[in-house]
Amino acid sequence: MTSLNKKHTSIEEAIARIPDGASIMVGGFGSPGTPFALLDELLAQGQKGLTLIKNDANEADIGIGRLIKAGRVDRLIASHIGLNRVAIEEMNAGRLAVEMYPQGLLAEKIRCAGVGHPGFLTDIGLDTEIASHRREIELDGRTCAIEPAIHADFALVHADVADTYGNLTYRGTAINFNPLMAMAADTVIAQAFRLDAPGSLKPEYIHTPSAFVNHVVQVDPATSEQGIREHAV
Amino acid sequence: MPSDQERILARAAREILPGQIINLGIGLPQRLFHYMPEDQQVLVHSENGILGCQPLPDDATPDYEMIDSGGAYIGASPGASVFDSALSFAMIRRSRVDVTFMGAFEVDQQGNLANWKIPGKFSPGIGGAMELAQKVDKLVVLCSHNDKRGNPKILQQCRLPLTAPNCVSLIITEKAAMEVTDQGLKVIDIAEGLAVDELRAATEADLMIDESQVGRF
Amino acid sequence: MTSLNKKHTSIEEAIARIPDGASIMVGGFGSPGTPFALLDELLAQGQKGLTLIKNDANEADIGIGRLIKAGRVDRLIASHIGLNRVAIEEMNAGRLAVEMYPQGLLAEKIRCAGVGHPGFLTDIGLDTEIASHRREIELDGRTCAIEPAIHADFALVHADVADTYGNLTYRGTAINFNPLMAMAADTVIAQAFRLDAPGSLKPEYIHTPSAFVNHVVQVDPATSEQGIREHAV
Amino acid sequence: MPSDQERILARAAREILPGQIINLGIGLPQRLFHYMPEDQQVLVHSENGILGCQPLPDDATPDYEMIDSGGAYIGASPGASVFDSALSFAMIRRSRVDVTFMGAFEVDQQGNLANWKIPGKFSPGIGGAMELAQKVDKLVVLCSHNDKRGNPKILQQCRLPLTAPNCVSLIITEKAAMEVTDQGLKVIDIAEGLAVDELRAATEADLMIDESQVGRF
């Protein structure tokens, strides 16, 4: 684990830790909570052959949409990619492998890795098309499907206010997958609009405790898509 | 005279009781926002992680970190909470959402619903629909009675991949409000001016209609 | 689900909903987070044959210790009861059936019910004595034990500030099992030191959203063990 | 001359590095609180749900909602967070706690630990010990070298039910600091004034001792 007193770093250094071929969780449901600055730095640094795990594919021209468009992403694990025309084309052309899960199961699979368990049981989707991919067992007379945890090498998350120990708070509907992903990856890189000294956040209001976060970088809201785009997803 | 969609929405709004928690699917259901009675202390759940979203006034500056699952900028009602996606779906799977309104490609007289995939044509992923359909006690389908070519959408048996089996409680179209019962599809209300024969002709599903009981809307 | 506008009630009415033989989750790790006022009302009303689920057994003279002492509890599911001499005696005498789990697994089993899943997989305790009670399966070449979810008829939780819709916030280490139990029972009764109007709590800082809570009662801090006892657990 | 416990605690404090997250078991380990160097930016995790607890000054009024897992009233360090029990154990199972210090009934040269149950005599439940022992990368056992009757506690093979197998990294007693290695138990430090023969005599486990390398404490 990164020392508490060594987490604050530059965006270049933080993203340079990611090698080609890495699996990366990316926070956000649509734009809110998407770590746009970290993703743009990843685009600039050129890592390729990536596996991304994100609820959606953003839109074609922002966030992970840019990485997909630039051909950096081999595989995407998501819940819904309907708002990214390019991602759908790449999927249909066989250039982007896409694995999709119902949204709540995706969230829970990520959290499951985040709490250090190998999987969970569910009754969701038992009588639907998704059941065909899954192993089922009986528990107390009920049929259950096994959902393995989804883990990643890295997580890129977007926080509102953080402290230099790596404690994170999120705002509004930008919470979404961020606190789950912040537990589920080996190396967690957080961007925050504001970075304060330890002790500035109320202990009860911290959404992601410092223990889960390896690197924290401060980003200017004005450089993020949150600040400049006109339409939500 | 109201448009077809206005007729559907006005009828649908009658399914919302004071103090309930409801979820509005993408598209037509989201417009229910504007049909809800004032001061009913209803909280609208959106599965991206908010309980208590409300439409923004037209002249409001949007908060870029506040959207609903359809991507519209929203505000927060008094008593609203925001939370992560795992908690959001806990609420759904634990049936703590009272009513969910959804669109449909097809719906049938067993209450099966298909609204996420057209094999070979459209499969952007199921999002949150499967869990909402399977776990919310009352699922109200809001859709046009027929597709753009005039084919029935209210079927004897869905043909497309299901969102969930046996999940629909009520179907509201511009032509009728139909309840899914153990015996089949029971027509509760018929649109003003529509004859029973016209309704049957536009529908593939078998309809139970007791004309003495049927309301108009 | 209870209507949002009908949750605020008296402590007598709330507890009167609990019948003999009910299974009841009780928040708290030691004293913090234990809903002492609700428990004392339960003692006063006389329900018996109860199954309690709580991290610990409190101490002999407070909280669920009083219910155990009064013979109201048939069965206890816990993680550690070392600070309640009476509970240990009752267990050893065979008058109290006690089922114990490692603390993190107990928390996760409760949460699992709280998110509507039948169980999860774990590698905790595989090579220890607790493994003998469990069913194991192989997942991706790893041995995993199945841990079924723990659900209850009722949950009694302690909040710091709540609103009349049933939104709850907790304070300090009084959080512990409360938000997990508040998801995992059919009927959730919360006590709070302060009860405000909806809109008074910041949406980001609500720990338990209103959707999970059925009844909320305001209690005076001075009537609670938190305010009068001299020693922590 | 320090007491046995003071000797153990002072030696144990050397295992804490600046910026680490540590967990202190009930009993002797909790007294490490008072041996930690100032300004090391260490956060103490307590499994009831706090990261960043610190002892209260003797004259402080306790906050009744702030205790550690041993039941002591505590304060919060700068940078502290509080959370539910599921998140607390997520931190443990994900090895986000760097070092945990625990007591022992028995510990052996394979690194097996027994500290929760004496069949027929003592079984109040395992609490959080099993997950801490199994999942924290560095587990340091702090205990007396022998039990009250003088019997060895550092064994060739534990006899009591295990908390976790092969989980211990380092054992610190008043007589020695011993590292669990693949080859067996390696003595790093011996207490001031204690002869190697005396240490071996008080120990059941096989000890690897390179006298030229051994430190004193």
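When the chains are written out, they are named A, B, C and D in that same order, and each has its own residue count from 1.
Heads up, the rule we're going with is that a residue touches a chain if its C-beta (ideal position, glycine included) is under 8 Å from a C-beta of that chain, and two chains touch if they have at least 3 such contacts.
Chain-to-protein mapping (UniProt): A, B, C, D = 3-oxoadipate CoA-transferase.
What you see is a predicted model; the values in this text were computed from it and never measured.
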Each chain counted as touching chain C (3-oxoadipate CoA-transferase) and chain D (3-oxoadipate CoA-transferase) at once: A
Selected pair, greater C-beta contact count between A-B and B-C: A-B
Inter-centroid spacing, chain D (3-oxoadipate CoA-transferase) versus chain A (3-oxoadipate CoA-transferase) (mean Cα positions, whole Å): 36
Computed distance of Cα centres, chain D (3-oxoadipate CoA-transferase) from chain B (3-oxoadipate CoA-transferase), in Å: 57
Where chain A (3-oxoadipate CoA-transferase) and chain B (3-oxoadipate CoA-transferase) are represented by their mean Cα positions, the distance between them in whole Å: 30
Contacts with two or more other chains, residues of chain C (3-oxoadipate CoA-transferase) listed in rising order: 108, 115, 117, 171-172, 175, 203-204, 207
Residues of chain B (3-oxoadipate CoA-transferase) engaged with two or more neighbouring chains: 50, 82-83, 86, 89, 92-93, 135
Graph class of chain-chain contacts, one of line, ring, star, complete, other: other
All pairs of touching chains, each written as two labels joined by a dash: A-B, A-C, A-D, B-C, C-D
For the chain A (3-oxoadipate CoA-transferase) and chain B (3-oxoadipate CoA-transferase) complex, residues of the former touching the latter: 29-33, 55, 78-83, 88, 100, 102-108, 111, 124-125, 127-130, 160, 171-180, 207, 226-227, 229, 231-233
Contacting residues of chain B (3-oxoadipate CoA-transferase) [partner chain C (3-oxoadipate CoA-transferase), same complex]: 17-21, 41-43, 45, 50-52, 76-83, 86-87, 89-98, 135
Sites on chain D (3-oxoadipate CoA-transferase) touched by chain C (3-oxoadipate CoA-transferase) in the complex: 46-50, 62-69, 71-74, 76, 82-86, 88-89, 92-93, 117, 124-131, 134-135, 161-165
List of chain A (3-oxoadipate CoA-transferase) residues in touch with chain C (3-oxoadipate CoA-transferase) within their complex: 108, 112, 115, 117-123, 137, 139-140, 142, 144, 146, 148, 169-172, 175, 203-205, 207
Residues of chain A (3-oxoadipate CoA-transferase) defined as touching chain D (3-oxoadipate CoA-transferase) within the complex: 1-6, 114-117, 163, 165, 167, 183, 197-199, 201, 203-204, 206, 209-212
